[in-house]
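Input: a single structure, listed below in structure tokens.
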Amino acid sequence: MPRPARLSDADAGERLKSLPGWTIAGGKLHRVFQFRDFTEAFGFMARVALLAEKLDHHPDWQNVYNRVTIDLVTHDAGGLTVLDFELAAKASAAAGS
Amino acid sequence: MPRPARLSDADAGERLKSLPGWTIAGGKLHRVFQFRDFTEAFGFMARVALLAEKLDHHPDWQNVYNRVTIDLVTHDAGGLTVLDFELAAKASAAAGS
Amino acid sequence: MPRPARLSDADAGERLKSLPGWTIAGGKLHRVFQFRDFTEAFGFMARVALLAEKLDHHPDWQNVYNRVTIDLVTHDAGGLTVLDFELAAKASAAAGS
Amino acid sequence: MPRPARLSDADAGERLKSLPGWTIAGGKLHRVFQFRDFTEAFGFMARVALLAEKLDHHPDWQNVYNRVTIDLVTHDAGGLTVLDFELAAKASAAAGS
């Protein structure tokens, strides 16, 4: 499928308003998710992995015990696109927040 | 660690009362979990897999799309043991129900 | 995307030849995968889950410790389709066999 | 279980010799694993997650598409312990390398 175009900063800022907990840092959509323990964190990661693979758009993410940090950007587009906002929204939904 | 002993039917029946949704079928602790979609079902499975590996006690389970069916029994003990009830309670907690 | 059409028995039989280890049982593509332990079995399941979600075609599968049994059929088409053979081939590749 | 003691630098250096691909960087056991694609990378992660949960010793790790970077240290011990080397060896085995 065709990759979406880079969003303007204004557009990205507007979309950010409907994503509580996310910020834009270093040009990426960024959020830290905190869970009760490792099993809950990894269950979340498994779900996000499936959502990402289906979108064919993968996160830059890291995990330490109960914490999962996600950074999203569309490298091909040189910035943020609708794909990043879509995966961010799905990740938030998967975390129930 | 030493494996626990088989519970009496009376004991198992008593413990079952604190596990809503679970039944004893064919000598096994049995429950069907239903989720919104495959990603939620598999996120649950990833979490249960971690809990099971930590207990060194693994489920007999199957999945079709958004449904996960779990059967628990302790083969070494020839029946139900506290391990089965422990994993069942953890699975219920992981499913939020 | 449009769902593929049911394959004729002759066509399915022909395709089966390039899938070592798989059989057609009860109208489904069927295979039992055996691994060293639960962690290897579940690592395989995680990978197949991703492949399935991407194809939007999910297996009927079960797991007991180091064994994963997969059954594939396209319910919408009332039988086997190219999707089943595609997921079967990907699962075999993921298992390295 | 009691947590192991911090290894001396000499001991850690000695153990490192039997872990091809791993280095000690910033006081942590460090390795980058590369896979064919995201599904293979995440299948590996699922397996390592299970191994980590069983050891009750969790990695600091990150993933971008087909690459998984793992850093291991035992925070309680203020440095590297046998637990880090054990998880590193298991991760290498899971990656087949």
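The letters A, B, C and D name the chains in turn, as written, and every chain counts its residues from 1.
FYI, a contact is a pair of C-beta atoms (placed from the backbone, for glycine too) under 8 Å apart; a residue touches a chain by one contact, two chains touch by 3 or more.
The structure displayed is predicted, hence computed values, not measured ones.
Common neighbours of chain B and chain C under the contact rule above are A, D. Note on interfaces B-D and A-D: more C-beta pairs are in contact across A-D.
Between chain B and chain D, the centres computed from C-alpha atoms are 30 Å apart. The mean-CA centres of chain A and chain D are about 26 angstrom from one another, to the nearest whole unit. Multi-chain contact residues of chain D (touching two or more other chains): 38-39, 42, 45-46, 49-50, 53. Taken as a graph of touching chains, this assembly is fully connected, with contact between every pair of chains. Chain D contributes residues 38-39, 42, 45-46, 49, 52-53, 58-65 to its touches with chain A in the complex. Remark: chain A residues 46, 49-51, 53-54, 56 touch chain C in the complex. Those residues of chain A that touch chain B in the shared complex are 38-40, 42-47, 50-51, 94.
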